[in-house]
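The next part holds the structures, each set out as structure tokens.
Note that chain A is present in both complexes that follow, paired respectively with chain B and with chain C.
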Partner chain A sequence: MGCAASTEPGFDPARPYELHPDVALRPEPFGALAYHYGNRRLTFLRSPELVQLVTELGDHESVAASMAALGVATERRPALERALASLAKSEVVRPRSDGAVRAG
Partner chain B sequence: MPVERLADELARGLDAPICLTWELTYGCNLSCVHCLSSSGLRDPEELTTREAMGLVDELAAMQVFYVNIGGGEPTLRPDFAELVSYAVSRQVGVKFSTNGTTMTRARARRYAAMDYVDIQISLDGASPASNDPVRGEGTYAMAVLAMERLADAGFGPFKVSVVVTRANAGELDQMLALTRRFGAELRVTRLRPSGRGAAVWNELRPTAEQLRDTHLFLTDHAEVLTGDSFFHLGPLGDQPLAGLNLCGAGRVVCLIDPVGDVYACPFVMHPDFKAGSIREPGGFAAVWRDSALLTGLREPVTGGACNACASFGACHGGCMAAKFFTGLPMDGPDPECVLGHGEKALVMAGGSQAPASVGPGHAKPGRPVPVAFGTRRPARAR
Partner chain C sequence: MTVTETAPATQPVLPAGEHTAPGAERDQAAEASPLIEDELLVEEISIDGMCGVY
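Up next, the complex of A and B:
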């Protein structure tokens, strides 16, 4: 469809992201449930590692930096990036426009 | 398959339900022939406003993201607006089902102004000819008027909820067109032999051909919502229908009735499936986490008579409630098994004419509490 000027660029781990402010996470044995109060979508986060990553994205300058801070093994990163890309699509996480690191 | 693994995880149950139905009152100004809760009169023991708010607090603490509020006709409760506002203020979103009879323009505008509120209008046919015999005379016109008012108020995409019956199964395309005309979404659910539905199930349930057409319709229209109602039709296709496609009873689903009793799902309001009461010490959380009934439902399912069937993986034996109320064993086929095993089982159980049990009734004499308004008596269906 030629979305060259799309306002929703693809997922880019070099950029800063954050948990969408309309999303609530509920811990579950398999990871967490994410509910988006805006679009009413329920998403399953299916590993505790992914949950921690999503929760802490806002604290770091990029997704890659978040993974490094969490000590994610190199071979695990592609799978987590795919999971995050999917979460970005369903607006569980979103890009931070300013690139600023969350205070506190 | 990741989807398969997710289903396995959900089958073991969640720390709190994700699909919680809360019937707010047994009072109703209609008397639909298939009412799951046999509603009519308010129960004198219904939760007080204070108790209902306490329950909302508990749901908020458990992070139940939203509740499906029904009844009865929930909007007849004098504290309905107050309870909805309270739930939303506690981050418990509300999706409520209504017959539309109380949808004034002012109410439609008020609902449109609220965040986290979704509305489902019940309608069981694309014309009065198919709808009114089920829901009562004049109910088609009233539901459509409610839809108009919601659309005029700019509510956005509300839902129109249809129970698929023999009378309307051929009208799904028309129902879809009707809902789209109002910018609404179509939701279709399965007719269950529960509550008053037990008495009409045999004559109103879709034919085998209609079930095949319904499956095709759902395959063609992935945008139509089903509340996971039709997973028993799974073996009709190569691909599973959208949804989790498992019986969520006690695992991800439960029902709280107007007096605070907790049942495994909205379709089994029967003493055998009562897990406890929110009025007991420990409240709802204790019932959800510890009741022997609910924890039992989180145990692995054995296929029983269905073990030998190659399609067991697609339908998981179907709907517990449909089996129970038709007198079929819990580990056997669904009465509407698309491979025909249910029909055979029904004949063997002798239950095809007289379902085994009916749920508690509130269309009954004794200690009646009149509903607050909407006293127009619906015509008898037949």
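Up next, the complex of A and C:
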């Protein structure tokens, strides 16, 4: 069992990220279930705020910009960054190499 | 099936009056309150080996 008390190495909130295209999100009362069709991992996202952040990552130039656009409180950002870091490690989200903002 | 917690669970906070003088309770509680915000946001389950339709 890993510990994600600190941000995973390699995760950079200043970079653009997106929901991995192989991941399906199913809304749940507690947040959402994320299923990765490639690595067959099932991940519980236990916060609607985190779900909204994950789904909108592709619309913004960075994770920090996504949080700002959603109006995430400053004191909530470290916890959400740790959650996103673990989601990046699980390939639920991935860095956008081109840095482009999703169309539409 | 294995369950992996990938973010820290909610931090338990000791009762403020424990091991402290009565007059210090309010200050202790005020200092400790930010600690309980670190909640479990992500939980991962490996379903390798499970049978079924998915």
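General observations
Going forward, the second predicted complex is superposed on the first by the 95 of 104 C-alpha atoms of A that agree within 3 Å, B and C clash if a C-alpha of one lies under 4 Å from a C-alpha of the other, contacts with A are read in each partner's own complex, and residues count from 1 in each chain.
One rule holds for everything that comes next: contacts are C-beta pairs under 8 Å (C-beta built on N, C-alpha and C of every residue); 3 or more make two chains touch, one makes a residue touch a chain.
These numbers come from a predicted model, not from an experiment.
In the superposition on chain A, no contact is made by A:V51 with either chain B or chain C.
When the two complexes are overlaid on their common chain A, residue A:R40 makes contact with chain B and with chain C alike.
Judged by the touch definition given at the top, the superposed model places A:L19 against neither chain B nor chain C. When the two structures are aligned on the shared chain, A:F30 is found in touch with chain B, with no touch to chain C. Touch criterion not met for A:V93: it reaches neither chain B nor chain C. Applying the stated contact rule after C-alpha superposition, one finds that A:R82 touches chain C and leaves chain B untouched.
Judged by the touch definition given at the top, the superposed model places A:V63 against neither chain B nor chain C. Contacts of A:V72 after superposition: neither chain B nor chain C is touched. Taking chain A as the reference, the larger set of touched residues comes from C, when chain B and chain C are compared. Shared contact residues of chain A with chain B and chain C: 35, 40, 42, 44, 46. Chain contact summary for the complex, chain A toward chain C: residues 1-5, 35, 40-47, 50, 75-76, 79-80, 82-83, 86-87, 89-90. Taken in their complex, chain A has these residues touching chain B: 24, 26-30, 33, 35, 37, 40, 42, 44, 46.
On the side of chain B, the complex with chain A involves touching residues 2, 5-6, 9, 12, 14-16, 18, 63, 65-66, 91, 93, 115-116, 118.
Within the complex, the chain C residues that touch chain A are 4-8, 34, 37-48, 54.
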